[in-house]
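Only one structure is covered here, and it is reproduced in the block below.
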Amino acid sequence: MPTTTWNRHHVLSLADFTAAEYDTVLQTAASFQEVLSRRTKKVPTLQGQVVANLFFEPSTRTRSSFELAAKRLSADTLNFAAATSSMTKGETILDTAKTYLAMGTDIMVVRHREAGVPNAIAQEMDRLGVRVSVLNAGDGQHEHPSQALLDLFTICSLIDPNHPRLELLKGKKIAIVGDILHSRVARSNIWSFIASGAELHLAAPPTLLPKLFAEYILEESGEEDAGTQGHWDAENEEDTGTKGHNNVVGKNENLSASPHPPLSASSSQLFLHWQLEPALQDADFVMTLRLQKERMTAHLLPSLREYHQLFGITTTKLQLCKPNVKVLHPGPVNRGVEISSELMDDPEFSLIQSQVTSGVAVRMALLYLLGSGKA
Amino acid sequence: MPTTTWNRHHVLSLADFTAAEYDTVLQTAASFQEVLSRRTKKVPTLQGQVVANLFFEPSTRTRSSFELAAKRLSADTLNFAAATSSMTKGETILDTAKTYLAMGTDIMVVRHREAGVPNAIAQEMDRLGVRVSVLNAGDGQHEHPSQALLDLFTICSLIDPNHPRLELLKGKKIAIVGDILHSRVARSNIWSFIASGAELHLAAPPTLLPKLFAEYILEESGEEDAGTQGHWDAENEEDTGTKGHNNVVGKNENLSASPHPPLSASSSQLFLHWQLEPALQDADFVMTLRLQKERMTAHLLPSLREYHQLFGITTTKLQLCKPNVKVLHPGPVNRGVEISSELMDDPEFSLIQSQVTSGVAVRMALLYLLGSGKA
Amino acid sequence: MPTTTWNRHHVLSLADFTAAEYDTVLQTAASFQEVLSRRTKKVPTLQGQVVANLFFEPSTRTRSSFELAAKRLSADTLNFAAATSSMTKGETILDTAKTYLAMGTDIMVVRHREAGVPNAIAQEMDRLGVRVSVLNAGDGQHEHPSQALLDLFTICSLIDPNHPRLELLKGKKIAIVGDILHSRVARSNIWSFIASGAELHLAAPPTLLPKLFAEYILEESGEEDAGTQGHWDAENEEDTGTKGHNNVVGKNENLSASPHPPLSASSSQLFLHWQLEPALQDADFVMTLRLQKERMTAHLLPSLREYHQLFGITTTKLQLCKPNVKVLHPGPVNRGVEISSELMDDPEFSLIQSQVTSGVAVRMALLYLLGSGKA
């Protein structure tokens, strides 16, 4: 493992991650990726430590990834699933967490459908003065930092497998396409990609990427000249001369729903589009997001067919991108909706399997960094 | 580990536990508590043995505690959850147990909503002449011995951390407050606290602690002079001169619901109250029980608010107790019902977190004592 | 472990198992049975490997058996249960399998209510050129090979514990009784018992063993003279002179429901009956199948009572068999339906517990044979 100066007790959000922290995670994950290629894929690093997966919101994929990461570090794991738990008996979430603390848990991996729950648990642990670490495995529409870190690792490892690092993305064009408004994955991705110096393009229908979103994430970024810092591309405003780029307006509207803190993006890094094409144009990486089908019933979308036509990623549409463009998706995929079935399975373009593999290495890295100083 | 003369094959009830057995569990748990404070919290004691958690009634807290205890002894664990099991296919409970026996299970940890199920499984194992041990993890309204043992260990360890033993409780006043009638935890606690020589005070509304209960547990105790052995304190009978203490009456009523065997309590040890105050007066320890909210719909209680006012434990009410009184609760807690939220979180008084920690050590001790002679 | 020439990547069906493969499984299982009798029941064979139990159809019994087998080989296990999975989110089964592949799974144990799912996953793994093995743990009404192999091992070990092998069953009379039409266990059993050279008698009511079934499994067996290859015993046709044996008729009917390939049975090996008695007559082994109670609602059966009377196995009916006859059942058992409660618990006749024990050894053998060449 690389020697690092990691001082973080919890991983709750990427909003305040430093470049050094990103690089530490990337380097540590690269070391574990190497371990995973050996005959014996286990290391004794966390032997005797307990990793509790507190999944108040059910998830098989993410829970299995964390569980396997913990086991490969030789930790013992406890799985808490909300369905069969005493949550139904009226116990509070903090009480549940404190119960697992008292049992001897060293690291809590927390998923909850409400934003802020992992944060609240971490604060409680700190208040109690205990050394337990909390790792956010997805909270509401807030953040999913381990997913964004594995995305980052997947891309950086592709560019330089031996020495993945943040600066490799500097100047790369990355498009995030889909239901950005409701995506905790996208929120975490935005922090890491902006930190890398990449040029980030968000594309979605207006109902899934309202102007308010742009305004909110750019708010207090220190650059009040919206014309240089935020870029907006709206279907009916293409006569502005700066095709696809529009100023952020409506600053006095209120965005009460989002727990997202303001972003310090440099002026030329973040672009928002209500059309797919300008986001794809010359992109190096395209990340398409899972579409929650319940958005349909909420009348935020006309039909899955129309969504796929407008925002679904296909081999044909990729022709707008750089020739060696790669496509990512956090999974699980709705084939034929956010991405064509053919493209998803095309190893020339798809990094989707690679993301899952990276996930184990990145989660081993996070558990290692949080846990190695403990016992 | 201390050398002991432990001969018990199953832990089903504390009704026939000897003082030597209590002390063996306490001493063994103290040894494991020390193991749990080391850097590496695992011991190889039960390597290769299989602990099957047969939870016919779902439970996250107790199951996690047993699972962690087993893993820290290096046993392999199997989790059986009724919901996804072949119970729905009509297999009998004994057949399920025999299937886990045939797979090679060494210790079965059994929870069931019907009283007597762990007992029936243990009898079947004995009948078959196999060396499998059964540990009752809660059966109906009967017993929950590991919970009572961890309560005992929590209190005794507080008094003498290095040498917790039963006699430390001699003469201490312990109050158990709440739904005693329906509580398997209370039933197990009564055995251990009486065995310790403590003075035990039970307090609850009449619907949750009927006279019949007192009569039943005192029946055949060998001391028929009720005036000296059982003490009853009823709201409308305070003019008896012996405030708070009343004779047990109505011996000819039938208590068909309870599987509880008679108790051999000495004359001055067990007191029952329909009011909280006499139980709290000068108490050393107060154990408050979880209130099952379904008792409300069964019209056994007027309202949660009124219950809390009359029987909920608060910092104010604790002023009746000894100055260094401690409060216990088996969890999960209904904050603001059986205990005030403020008190629950007050480390000066609350032993609730300490109970959970003790739980792992005590369960390691029980698994060790049952399993070490096996393989 | 015996040195073998095992070349199989997947275990999906017994239809194409060779005698050498059967004997390799039997011998390897015998070695592990010996390991399981030692003090330390674990071997480090699969350390660092990951066995994922992908149970799209819930099962506690079979999943526990595979999980324990994997743990005793020191593999890490991941449990996937459909109920809490992203299957509800619309992900395809192959995508789920590929996710577990990408996480680093070495062996997938797959159960699904649809026939062919394990096969489809195996084909996908082969198409991708990866070394992952797939083990069918029951697919629809198709096959359940590990169950049939443990049945085979149970019987052969009884005859020669030190050297269980296929040829031990040559000439033995084995009766399979019950809902053969819908049983994946029976389908796998038919392959292995026929391969062994045993004389196999299937007995069931006409609705659960239609002539079409016989026709189908005998089709293309290379022996078109039905009078010598297939034998049929129908209730209303006992005046044929060959009591209990009847020719297969109705070849032009279509059997669209069954995924079962044709069987190469020699002419004197397979007999079908609509009555129990001729199947039991002089039998060495009787295997009775679980009756799915939903067959009743589908009007395939008159009543459980009548079924038990006609096809339920009892001590009395066993008097038709060889004196040392043994009874098997794949479990879970409906006591008093397919087998009498008394007989099930009679150690003189019942091999049911022995089957469960064999299950762990046989599954260790399969995981070992599939996994040992990997890492």
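Per-chain numbering from 1; labels A, B and C assigned in written order.
Here, a contact is a pair of C-beta atoms (placed from the backbone, for glycine too) under 8 Å apart; a residue touches a chain by one contact, two chains touch by 3 or more.
Chain labels with UniProt names: A, B, C = Aspartate carbamoyltransferase.
Just so it is clear, the model here is predicted, and its values are computed rather than measured.
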item	value
Angle, in degrees to the nearest 5, of the Cα rotation that carries chain A onto chain C	120
Same or different contact residues where chain B meets its copy chain A, judged by the half mark	different
Chain A and chain B: spacing of chain centres that average the CA atoms, whole Å	45
Touching two or more other chains - residues of chain A	81
Residues of chain B touching chain C in the complex	47-50, 52, 76, 78, 80-81, 84-86, 89-92, 95-96, 98-104, 375
Interface residues, chain B side, partner chain A - complex	36, 39-42, 58-61, 64-65, 67-68, 71-72, 81, 83, 290, 293, 331-335, 353-357, 359-360
